[in-house]
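Next up: some structures, all given as structure tokens.
Across the two complexes that follow, subunit A remains constant while its partner is subunit B and subsequently subunit C.
For the complex of A and B:
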């Protein structure tokens, strides 16, 4: 497997670097270009060059470095520069180890669990709100601003906010106590079976607005004449939604789902502040896992392997989403 | 099948009155053209009939049924939008079947009806195609077919030909008129194009600034406009209107057209007043300058538009347009005589613009 060939970043970089090549190939069987055209091409190449060089340094180089390190057993603890990593070359041992790593797999599974719960929840809530906001109603602008606020909050701050809210003597238990009449003292964040739920609630709170915003943009784009025409043909609201609105915002839906899926895959800051991946490893998602292995265990070559595997998996998810979009 | 009765229909948007106490009856199976410049209230009227907007006052009745409380989907109104509003993400078949499916009809029945409508409109070869990217004439037929499939009692068409190029418009006009006969529905056709209204409609209702100006058959409205607005709006080029004075000569009414000469006035005209002398360009004949009663004028411009020659004449700031046949021998700078057919002369009150021999229009 040559994973770097499949990542979009690598593909972009490759395309950028080899850009002048197909042009020179084309030149052989098209009429000879005028000096002006040749000059224009040269100028274009020169102007694009800085960006291409930058791409080489920030995408291709780290990627190759990562691939290189992932094939060794190198860690900074050896006291050697990473360029010396070949001295501990161990082929695919790291990859084999990842496959056997129970903690990796459960982190991956936990991440999927968060995705499976949060993405549909954010989608349905966002869609519902977007539908409400397509129509005009008094106070719409105020509600709109309020609704978008969570998205603007720095995730770390949101994490701290929910950390406080979910304390056993915190406001959430307070509200639950008032509602149920019982004295609720659930320790949300230190209960292994509830901590992940708390993290999910925080994520849904923060990122439903984004889903709402994207879907609203899609719904506003549905031609009003078509909706009127459908109404005149006797379609109920639900029928209009199913036959006109939904097919028309399909692309937007796919984009929104892909964005949130990829983002939740990388969930870290608010989660780390709320639970630190704990109690134990009960909220350890893939990013938290990588973070811990990197900075606590300093197993850098192993981390490089994990990160590469994640990059490839995410690229596949994204490609799948884009393919769904193309099919329309 | 249904007749439409609008009474006292008024629609205001804030301080703007789009439609002002409109009374109009459209007979069953009639083809009525609602004609007027943009912003005259014709589209608002249409939207109220369809139920897309609620009137500020007045009633809408189909036959004897009050329609104001009937939601737009249940009025039995077929609506063809200006841009056709075709469901471009569906096939032609699905577009036609849409209304039938919304009614939950059995599949076989839907299929039969879709094929019947498609056959009638020549859409059969396109049924399986996606409707995005079809040509404008197919889209228009599809828009009509989609509405026709559910058998509406009333068809409303909102400037359906305004997106079509001029050459094709003539074809579509004929086709539309043919389709109306085919379906036999009551049809209201909104347009700002007087030619469309004249060629297709049984009756024309002319609106201006929210007020109905005149209703009548195309010929009636063309020949006997109730005011200068209607006179100017219909006909191309429009009616010549020149300042004049109504007087009498030997006991007969005559019009003294300022700076040009005298013409016998219609017998019904009497009194003495400032008027506007109206004559259609085609009712002017170009003659020799020495013919008694002829206005002597100079040719300032000649438009040769195929079958007709439009001659622009002027004298002392008064201008007239006359229509002659193809190849009429005339050149800029010629001095000519112009004679108006006395029976075609129309007089309007210079102050109010109302026709002198007509009752003032409603409103």
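For the complex of A and C:
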């Protein structure tokens, strides 16, 4: 019998033969933990403890509370403490209500719409800029620093900048008037069909630099000798880009896309300052929806339900995604 | 590879175009901050990129509470929100960096913590909105609503993933020979960390702390939810700056926005080297 042909049972049997001790006793065969290792284990436990406790504090406890509240009709309106929420226990009524809540679904769809437009736009613009910056040219460092500034601006302040820019008498219409020769007085932010576009433009302005930064870091890591060899062999720029650069930065691209998708899903600050979710509900994304329902209608048990549904769906998606990345 | 001249010119044209688009919004706000009231809403032919009569009135207004030009006066000046932003961001950063560094060392050296690294990534992915209700209830129960330390606590937790992952990549990269030599000499593990490892990590620690500070300083949403009056931060205060008499106080808001925007931009340029690492959770080190 060759070793390759051995069945698992045969291998276990063989191992048992060469090792007469039962499995429980065999464990002590591994060298006993040295004092130094024991010290490391203790110290490691203690040093990780504060972070573990904070995680329990902010994840486990709130989730349980959220689950409990979501099964009731509790609201802080009548001064009742949340612990008494069981008095208005209503099983899954909130969940049924969410399924039929058109405003929730349209907010969710709008959030995806922003992702679908902004992530590719930021990616393509960022990649284009990164390609311009691969080679050295005079002034490169200064331009690089300037191009990174938008993503360091406080998002709420960036929202306010674009709020001013998009006023009907503001500079964007001013530039458009100069270019077209007409007197453009579009009221961007109070036009339901344009407000979301304005928000998207603001987000693209602020976060294209992040794509640029990450993608450039990836492109610079592409070994130069490979590119030179390809050039000598007569490869065109496009061929070099497609066959050498692109495969090398595939992981970088995935990371950049994932980061932006996750962040835009949470979009709130700049959007809320620019439009407050309006006019009407025309720029209401999921975060704005939750915020408004929480503060205006005070239906907290309902909000807890919405939040829990989002959290659970996100957990499933990210657990799956992280597993995929891990396997890579 | 020498690039041909037309291509070189094309590159400059594109880069300069991008620079212009990058700068216009910021410059407009900066210019607005120095405009007197009549120029705030000047439009059409009267639209100017630069203030015609530059003034410091907008700054006087937000710090002093009133100016001769405006009929309205502020019941709260910008000092208190600036203090709130500083306190909450600083102590939030401190909390994140202390806990994050300790945990990063534990994970990097002793493989402690189990699922901790991935749990922290998940914490980052979750929208803060989704734990809004329980957090508001907890903060009320603990009497942390509308306090700078309550805000610092949540800031510390929210930015913990960044602190942890940044420091973990630095610890992972550090050669272990020095630590091992000290252990052979009979140093305790804790002493090795405090007296040898950490002092060597001071520069990365400082850069990571600045990075985390920028994130905390940039928050709007959390402060909007957890502060109401006494300890509102700059962005929340800024958003509340409008009155029914004058409508939007464009210049005053722009002045405040400029003050809020400057520290992160300066700090961000200072730690440019670490931005990629910080923003990608150490997945990319540049």
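The working rule: the second predicted complex is superposed on the first by the 266 of 328 C-alpha atoms of A that agree within 3 Å, B and C clash if a C-alpha of one lies under 4 Å from a C-alpha of the other, contacts with A are read in each partner's own complex, and residues count from 1 in each chain.
Convention: a residue touches a chain if its C-beta (ideal position, glycine included) is under 8 Å from a C-beta of that chain, and two chains touch if they have at least 3 such contacts.
In this text, all values refer to a predicted model and were calculated from it rather than measured experimentally.
By the document's definition of touching, of the two partners only subunit B reaches A:235; subunit C does not. Once the two complexes are laid over each other on the shared chain, residue contacts for A:286 go to subunit C alone; subunit B is not touched. In the overlay built on the shared chain, the residue A:226 is in contact with subunit B alone; subunit C does not reach it.
Looking at the superposed arrangement, the partner reaching more residues of subunit A, out of subunit B and subunit C, is C. Within the superposed three-chain model, A:244 lies in touch with subunit B and out of touch with subunit C [touch as defined at top].
By the touch criterion defined above, A:129 lies against subunit C but remains apart from subunit B after alignment on the C-alpha atoms of chain A. Across the two superposed structures, the residue set of subunit A contacted by subunit B and also by subunit C is 228, 231. On the subunit A side of its complex with subunit C, the touching residues are 36, 39-41, 43-48, 50-52, 54-55, 57-59, 61-63, 65-66, 69, 82, 128-129, 132-133, 135, 137, 143, 145-158, 160-162, 164-165, 167-171, 173-174, 177, 183, 185, 205, 209-210, 213-214, 217-218, 220-221, 227-228, 231, 251-252, 255-256, 259, 262, 265-266, 268-269, 272-273, 286-287, 290-291, 294, 300, 303-304, 307-308, 310-311, 314-315, 318-319, 322.
On subunit C, the positions that touch subunit A within their shared complex are 1, 3, 8, 11-12, 14-15, 18-19, 21-26, 28-29, 32, 41-44, 47, 49, 98-100, 102-103, 105-107, 109-113, 116, 118-135, 137-138, 154, 156-157, 160, 164, 183, 188-190, 193, 214, 217-218, 220-221, 225, 234-235, 238-239, 250, 253-254, 257, 260-261, 264-265, 267-269, 272, 275-276, 279-280, 283-284, 286. The part of subunit B that touches subunit A in the complex is made up of residues 50, 52, 72-74, 77-79, 81, 83, 85-87, 89-90, 98-99, 102-103, 146-147, 150. Residues of subunit A that touch subunit B in their complex: 223, 225-226, 228-236, 239, 243-244, 247-248.
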